[in-house]
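Going by the order they are written in, the chains are A, B and C; count residues from 1 in each one.
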Amino acid sequence: MQAIMEKRAIELLENGTVDRVLGWSAGEFPYDMTPAVFESVEELQNNFVYNDFCGANLSKYLIKESRKGGKILVFLKPCDTYSFNQLLAEHRVLRENVYVIGIECFGKVDVEKLKAMGLSGITGIIAKNGVYTVETVYGSKEVKMADAMAERCLSCKSKKHVVYDELIGEEGEVVDDCDRFDMVEKLEAMSPDERFAFWRGELSRCIRCNACRNVCPACTCEHCVFDNPNSGIAQKAAVNSFEENMFHIIRAFHVAGRCTDCGECSRVCPQNIPLHLLNRKFIKDMNEFYGEYQAGEDPNAKPPLGTFQTGDREA
Amino acid sequence: MEETLIPYAGIVTKITEQTPDVKTFRVEAPNGGKLFEHEPGQCAMLSVPGISEAMISITSSPTNKDFMEFSIKKCGCLTDWLHSMEEGQMITVRGPYGRPFPVDGALAGKNLVFVAGGIGLAPLRSVINYVRDNRDKYGRVDIIYGSRSKEDLVGYDEIVSEWMNTPDFHVHLTIDREQAGWDGHVGFVPNYIAELNLSAVNTCALVCGPPIMIKFSLPNLTNAGFDKTQIFTTMELRMKCGIGKCGRCNIGNKYVCKDGPVFRFDELDALPDEY
Amino acid sequence: MKKLTNLNAFFAAIAAKQALYLPVDNAVGKAEYKKWQEGTVMSDALNTARSAKDFFFPQTENLMEFKMEGKRIDVIDTREACEDFVIFGVRACDAASFDILDRVYLVDPVDSYYKNRREHGTVVTLACSRPAETCFCGTFGIDAADPKGDVTAWKVEDGYVLRANTEKGEALLASVSDLLTDTDDTAVKAEQEKLRAIMEKLPLANLTTDGVGEGLTKELFDRPEWAALSESCIGCGTCTFVCPTCQCYDIRDFDTGHGIKRFRCWDSCMYSDFTKMAHGNPRVSQLERFRQRFMHKLVYFPDNNDGIFGCVGCGRCLASCPISMNIVKVMKTLAKGGNQ
C-alpha cells in the first residue's frame, strides 16, 4: 500500500497536479508516524510512510493547508472523508485546492493495546497474514491484528469514502450493524447516580491538555470560548473538578450534529477518557429524535439541529 | 527570600487624568505611606481581584517618600477597570520586581539622554525625578519626548512647571502632527534625535516607547556616536508571576520580569529576536 | 543497605504515621499515584501516566482569597501547613525532575508553596527493571539502575533492598527498622547489571545531546527545520502536562460568589494565548511556540543551570503526543543539520 501511495504521490507531484502532499512521515519506532507535508520527490522517497499505525485524521490540517496557495494532495481513510465533507459543508476548507485520494482501510492499530498486553521495549513490528510479530528487547510475541485494533475501528461505521478525487484500493460499504451505540445503551441503562459516577470517574483523569479539542475536526472556531478570558469559563484548569467536567460537556454540545464520530478525541486523550461516548450519545439521541443522520455523509444535507420542523420533538 | 505571590492591599488616593487614555494612580498603604520601597525602573504587579493582575512600571521616583504612582494607559481588561474606578478604591499591589536602571552604577556621573514616546515616559519618569532629587550626581540631562498630539503628552504640566525649570535640564517635546495652539516641534521622535546634535561623550541614553519608535531611534542614536553599551531600554511582555518562574516572559534565556525589564542594547543583541 | 521482605507491612507501618502514595493501576489500566490503604496493590507499570510533579507542583492550587466589600479589599492568606507524606516508587527520571523543578522553584525568590510541600515530602525511588522503548534517561546522565531520592529501593528476587540517601530517608527507614534487616549490595549489583544490559539494547540508547545545549541560542533559533518539525503540531498541552519538568503556570481568579479565589494552574507554552498581550503576541504562530518549548529544555535551561538539560528522558511525551512529534525527533533533527 505504502509503495502504491508513494508512487502515485510522486506522479501527481511531478505532473504538476499537486504542489504538496499531506501524509505521514516515519518515526523513531515502528508505530509513531507524524502527519507531514512533503514538497518534493526526495522528501517522499526518504520519509513517506503508510501502515497500520497511521491513525491520525488528516482532514483538519486542510483548513490551514488549503489556504497556503497551490494544490495539496491528501490521503484520507473512509472515516476521514466524513470529517472532510463536514468541513466543506462548514466552508472551512477550500475544496479546489485539495486533491483527495481515498485509501482503503481495514482498521488501525492502537499501540496502547499492544503495550497493555505487556509489550514493552518494542523494536519492530512485522505484519503478516493477520498477525503482528512484535519484536521487543524482551523477546518477540505474536498478536492477532484484531486484538490490537483501535476501539473506534472495532465499531467502524463505514468503509465507504464519501468524497474523493481518486481511490487507491477497493471501495467499501457503510457498515449498518457496527454496534457503535452498544456502550451508550449500557450507559443509558444505568441509574442517574451510576451514570454520574461513571462520568465523574472518567473525567476526573482529565489534565485539561485540550488535545481532544485541538484535534477535533469539528472544533474549528477561530477563537474558542474556552480561550476567551471574558467568557466566564476560560480556565486551563478550573478551581474544582466539577467545573472542570463542564469543559467536556460544553464541547460535546458544541459539536453535536457536526461530529462525524471520527474518534480522534478518544485516540489522542493521554488519559484514555472515552470522550467519544459523549458524542455518540448525542448522535444516538438525534437519530432517535429527528431521524437517522450522519454528519459528513452529504455536505448538502440539512443538519437536524440546523433545521426546524413543526413536528420536532421538544426534548 | 520567599515569595508568596500574596499582594498588599493599597488605596488609590488620587487619580489624575493625564491624556484621553492615560491616568496616573496614586497608591498608598491603608495607614498611609508607601506599600514598599523600589528603585527607578522597577515594576509592580497591580491587580483588581476577579478582574486580573498585570505588571505595571512604577512611575514615581523612590525619592518620593509618601506614595507610589502608576501611569496607566487604557488598553485591556484590567486597565479598563482601573480607568473606570473612583478615588478611595482599593487595589492590590505586589513587588517590587525586576532589575532597575543602574542609577548608582553605569548612569552615575553621566550626562543622560531620555528618549520617550507616548506612555513610554512612565518608567523613565521614575528615573528623571530621581535624577532631579539627586541633581549633583548627574551631568546634563536631555529629555526628548513625543506623542501623537499635545493632549497625549503624559504629565505635560509637570514637564513644563518642574522639569523645564530644573538646572541643566533640556526638554525637547514633539508631537506627530501640526495642531492649533502648539508652537513647539512637530515630527517623530527618531527624527528629532537626529536634529538635536546630541553628544554621546560621557553620556547614556534611556529609551522607552512603542517598538517602532525604539527601532528607528536606535540607528539615530548610533549615528550620534552612542555605542550600544550606552543605551538602555525597558521591555514589556506578558507576565504572571513577576519572579521568573511562570515561564512566559522570556526572550531566549532571559526573563523580562527578573533579568529585565531594563536591558542594555548590547544585551538585547545577544538574545533571539522574539519580542 | 537494608533488606525488606514484607512490602505490605512496610506500607502499613509508614501509612500509620503519614500519608503514603504509590503507583496504582486505574480504571483504564494505567498507573497513577494513589494514597495507600489496606488492600492497595502497587502497579507493575514502568511508570505513571502523569508524572510525579503533581506532589510538589499540583495542576491547580489555591494561592489566596480576597474579600471585596465596597471599595475595600481584604487579602486572606489561605496557606495551610502541609502534612508529612511519602511517595513510593518514583523512577529515576521523575526523581531527577525534582532537581530540575528545585532549580526553578527553590532559587531566590523561593516559591513558598512548592517549598512547603517539598520539605514535607519524602521520596522513595524504585530502580527500573523493565524499561520501555521510549526511555532515554541515560542521554541526560540519569542512571535508571541507581535513582536518587531520599531512599532508593531495588526490587530483588525475594523482596526489596533499600538505601537511605538523605537524613529524611534515614529517618523514614529508622521508623520502620523492625521490618528491615541488614544486607550487602550483592543482589542490587546483580539487578543493576541486568538492567544496564537491557538499557543498552533500547532503541534510544545511543541518543546524545550533540548539537543542543548551553550557549547555542544563535545557532539553533533560526534553524529552518523548526518549520517542518512544528508543522503538524496541534497546539495542545499534552506534552507539557505529562512532562515531569514543565513548570510554567498561570495565575487566575475565580469568583466563588462570596469572594475571589486566586489560584494557579499549569500552563503551556504550546497554547496560543500563553504570551498574548492586549497589544499583540510575540509568538504569533505554532512555530514560535513549539520552538520555545524545545529551546527552553535544550538551550535556555542549560544556559541558566550549568549545562543541565530540562528533560529527564522519561518518554511520556513520546507515548502521548497526538501526532507523535517529540523532543527526540527534535534533538535528532537539530543534530543532523547545522554546522557540526
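What we mean here is this: contacts are C-beta pairs under 8 Å (C-beta built on N, C-alpha and C of every residue); 3 or more make two chains touch, one makes a residue touch a chain.
Predicted model only: the values in this text are computed from it and were never measured.
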item: Chain contact topology (line, ring, star, complete or other); value: complete
item: Relative to chain A, chain with the most remote C-alpha centre; value: B
item: A-B compared against A-C, more contacting pairs; value: A-C
item: Per-chain Cα centre nearest the global Cα centre, belonging to chain; value: C
item: Chain B-chain C separation of Cα centroids, rounded to whole Å; value: 39
item: Chain A and chain B: spacing of chain centres that average the CA atoms, whole Å; value: 51
item: Interchain centroid distance [CA atoms averaged], chain A/chain C, Å; value: 30
item: Where chain B touches two or more other chains at once, by residue number; value: 52, 77
item: Of all residues in chain A, the ones touching two or more other chains; value: none
item: Contacts with 2+ other chains: residues of chain C; value: 250, 267
item: Residues of chain C defined as touching chain A within the complex; value: 26-30, 32, 46, 49-50, 59-60, 62, 130-134, 198, 201-204, 228, 231-232, 234-238, 240-242, 250, 252, 254, 256, 261, 263, 265-268, 271-273, 318, 320, 322-325, 328-329, 332
item: For the chain C and chain B complex, residues of the former touching the latter; value: 63-64, 66, 68, 71-75, 77, 79, 104-105, 108-113, 115, 217-218, 221-222, 247-251, 253, 255, 260, 262, 264, 267, 269, 274-279, 282-283, 288, 292, 295-296, 299-300, 303-304
item: Residue numbers on chain A that touch chain C, as the complex places them; value: 27-29, 32-37, 56, 61, 115-116, 120-123, 136-138, 201-202, 205, 207-211, 213-215, 227, 235-239, 264, 267-268, 270-272
item: Complex contacts: residues of chain B adjacent to chain C; value: 1-9, 49-53, 75-77, 79, 86, 88-92, 236-238, 240-241, 243, 245-250, 252-253, 271-272, 274-275
item: Touching residues (chain side chain A, partner chain B) in the complex; value: 229-230
